[in-house]
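Starting off with a structure, shown below.
All chains are identified by letter, namely A, B, C and D, in their written order; residue positions are counted from 1 within each chain.
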Amino acid sequence: DRPLTLIAGPCQLETEAHALMIAETLVKICETVGAQFVFKASYDKANRTSLKGKRGVGMEAGLKMLETVRAEFGCPVLTDVHDIAQARAAAEVVDVIQIPAFLCRQTDLLLAAGETGCVVNVKKGQFLAPWDMPNVAEKVASTGNDKILLTERGASFGYNTLVTDMRSLPIMMQTGYPVIMDATHSVQQPGGQGNSSGGQREFAPLMARTAVSIGLAGVFIETHQDPDHAPSDGPNMIRLDQMGTVMKTLMDFDRLAKADPFRL
Amino acid sequence: DRPLTLIAGPCQLETEAHALMIAETLVKICETVGAQFVFKASYDKANRTSLKGKRGVGMEAGLKMLETVRAEFGCPVLTDVHDIAQARAAAEVVDVIQIPAFLCRQTDLLLAAGETGCVVNVKKGQFLAPWDMPNVAEKVASTGNDKILLTERGASFGYNTLVTDMRSLPIMMQTGYPVIMDATHSVQQPGGQGNSSGGQREFAPLMARTAVSIGLAGVFIETHQDPDHAPSDGPNMIRLDQMGTVMKTLMDFDRLAKADPFRL
Amino acid sequence: DRPLTLIAGPCQLETEAHALMIAETLVKICETVGAQFVFKASYDKANRTSLKGKRGVGMEAGLKMLETVRAEFGCPVLTDVHDIAQARAAAEVVDVIQIPAFLCRQTDLLLAAGETGCVVNVKKGQFLAPWDMPNVAEKVASTGNDKILLTERGASFGYNTLVTDMRSLPIMMQTGYPVIMDATHSVQQPGGQGNSSGGQREFAPLMARTAVSIGLAGVFIETHQDPDHAPSDGPNMIRLDQMGTVMKTLMDFDRLAKADPFRL
Amino acid sequence: DRPLTLIAGPCQLETEAHALMIAETLVKICETVGAQFVFKASYDKANRTSLKGKRGVGMEAGLKMLETVRAEFGCPVLTDVHDIAQARAAAEVVDVIQIPAFLCRQTDLLLAAGETGCVVNVKKGQFLAPWDMPNVAEKVASTGNDKILLTERGASFGYNTLVTDMRSLPIMMQTGYPVIMDATHSVQQPGGQGNSSGGQREFAPLMARTAVSIGLAGVFIETHQDPDHAPSDGPNMIRLDQMGTVMKTLMDFDRLAKADPFRL
């Protein structure tokens, strides 16, 4: 019933100055519209379509940038991890550890993330039914950590295409854990450009708005001041200068939905 | 920009008294909440899963009932047709002729429907991409009749399951024709009960609400005072005594969405 | 256990001379390789993607051409019908009446086809699970006509794409009716070229061969001497001059499979 | 053009005696029918549906068992690894390192596997198009190791269901790397039993046979003397006492297919 949380930031960390600039813009937008804010960015893109895709600044440099953002703005920060060692290292800095969709069934990684005591945001695999997520959450919860978020990011629909089944949101809410809509990756076209993934940035606000109308804990949106030249996920990131308008609309829908949420 | 239209009624016509009772209830609800209303009912279910499924009262009796509803309440009425002769006969009575999803590519039926001069509501086939609907609409429009509605009712997603891709709504809106969300059949589970189709009635208000948040011309909802004993589509019809609450919520979202619609 | 039946011909009838040329070529190939043969062609393409797609020579002219082929070569002929009146008219000429996939749940059409006493070949809808075909067959069989064929032609797999689930073949065989693999339409890309359907002709022999390895009643293949200039389904028709090679391979696999069929 | 390779064994290692018993049976069958043989078993099931699913004997004990099988029968052995450290440890013992489908895009794991110099068998993700596998193979090949196998194991098809697109086999063959059909996991029903995955064991021989008819390097089949009591993947493992019959059929189809393979 609390106001919507925005989990947002650039797909991958570039420089400290860049991270600070994006974070500052988003902090101000969220203050203006009354949203909660979590800064998100990746230090390593571990599963690029092609070996030629840019990997990122690396864990050490990346965690340092996240620490700076956190110190500067006092906002929680989130990053995604790909193995047990990374989960432990990231936990020293971040508030939220994110499990990538491809890895959402890797038991050891889920346990390691849970054991850090951080909030754990698990993205639902493109290959998973929403009613299979309680088993996933239970792996994390078995560590005694029940600070769990579950994120929808689309399901495989034929080749190189994802579809978001709106039913998955209330189904996942039945676990009692907060549910997040990833409006960026749900409009990804995996592998759709041959050597990289395509995306349909123009639909990201649609995915966010329809999900928020249910009465949702949060939305996940990647953003960049110049998506067409971003090192990854450019095709589905929203332009930073449009985030204010997008968030204003989302908060309008959030208020209405929170007053009259859809629940199973 | 006009208020939401509700296209609603029982899946199939039963008796004149029953049709009048449902219509009266829905007319009152729509007046109360400020929605436009079109009464919908079928006189023949021409594609039941099994031969044992009830077909309906037949065209002659059914059209008479629709005529009575129209005369009694002054609301437009809609029914679905399955061949050219039916299209011509129905046009004598109804305001809107509906083309079933399975038949949405049958050129002669689309032309016959267009030639009646009635409004033609074409349901998008479960096998069709949204960007293929302009070709369908053009078949109707080639008759000089551009009073066309396009309806989303879900796409095949594996076996016995449909999924609604929210992107299809703004894509179909780009044709310029009003777009309708069928919240009843999009939660159908085709053939899912062996000798009949299953359904997830509990998700129909979800499908309606998320679609309306885009800023939509209308929603299509089948309803019955006792869905579990209805002759068809019981599993996905909303209880009549819940329609008031559902419509109140939809109109709240409609007002917000019409003030700030999502458009491509 | 009888040798494989080839149901083949051009997608649509063009001229009598053309039909005779194709039929003659296929009759000779089937004699050479020891296959049974049914000549197939359509007189009307009733559900083209676009209104601009060529419809065909019409029922009267088309049935006359089929009659000529039948008289000339003594082979059974097959055509597809789209309404009750066509089913009755076609039955005067053809041996096999085919129900198009989109229409496979239209009860009245199935009953009318059954009542003609002809063999009825029903294509499984792109939206139908294989275990839902017994209900379809039962509609035809309720007329007292159990000369029924069931044809696989792919299932919807995301947008503009079909996938063939090999499991559907033995599942449909459990009905006891002969099962046919449509190697042409299973590699169709519905609506995939904007105003017409695309196709992957290069995979048609693959679909045929893998299906035949199960031990199958027949394969359905559309063929043309110049597919790139054919009026419809060009992208997925096999070149006529390759049919001899294709059939030789299929008969080799058919012999092996018939000696050791896969059955549930 | 060499005879078919069978990659087979129990889903997970149980005891050394059990591994030896299964291996011995399979070695004899392959000698009898003229197939090549690779023994496969997992020491850890790292992504069970539920935390309650049995994980396995662990890496150390498991690798020792594999070493014993290798020494006893002189056959190559394969196991799957889940992180970089495991890849290096497994390489001390096994001939083939397998990358699980969920992990097929994890760049570091692919590189680590490649760097061991072992043969690397990558399973195509349930979320991946076949034309995206060259990018995956290239990651391995970038290490200078081109001993790569690519395995089909089904694609997501709605919820809790996989479908195998036969076209994926020749598409992956175009890379030049040997292609394997996993007849066991392609008939898995992921998460289909609530707390564990279901499966359709009865279709595994179908998947193997249809794939082999193309002319394939190998098939992957999990087997157990008592699948209903196996610790994992019981529903889709073939009974060990049926493997002889299955392999005899596959070799018949292999000989025919190798003499007349399907190639794009």
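To be clear about the criterion, contacts are C-beta pairs under 8 Å (C-beta built on N, C-alpha and C of every residue); 3 or more make two chains touch, one makes a residue touch a chain.
All of these numbers come straight from a predicted model, not from anything done at the bench.
Participant: Quick check for the class: compute each chain's Cα centroid; which one is farthest from the centroid of subunit D?
Facilitator: Result for max centroid distance from subunit D is chain B.
Participant: Between A-B and A-C, which chain pair shares more contacting C-beta pairs?
Facilitator: More contacting C-beta pairs are found at A-B.
Participant: Could you give the separation in Å between the centres of subunit A and subunit C, each centre being the mean of its C-alpha atoms?
Facilitator: About 48 Å, centre to centre.
Participant: Just curious, how far off is subunit D from subunit A if you go by their C-alpha centres, in Å?
Facilitator: The mean C-alpha positions of subunit A and subunit D differ by 33 Å.
Participant: What is the distance, in whole Å, between the centres of subunit A and subunit B, each centre taken as the mean of its C-alpha atoms?
Facilitator: So the centre of subunit A lies 36 Å away from the centre of subunit B.
Participant: Where does subunit B touch two or more other chains at once, residue-wise?
Facilitator: 155, 157, 159, 163
Participant: Could you pull out which subunit A residues touch subunit B in their complex?
Facilitator: 155, 157, 163-167, 170, 187, 200, 202-203, 205-207, 209-214, 249, 252-253, 256, 260, 262, 264
Participant: Across the complex, what residues on subunit A touch subunit C?
Facilitator: 157-159, 161, 163
Participant: Looking at the complex, which residues from subunit C come into contact with subunit B?
Facilitator: Going through subunit C, the ones touching subunit B are 46-51, 55, 82-84, 102-103, 105-108, 125-129, 131-132, 135, 138-139, 142, 155-156, 159-160, 190-191, 195.
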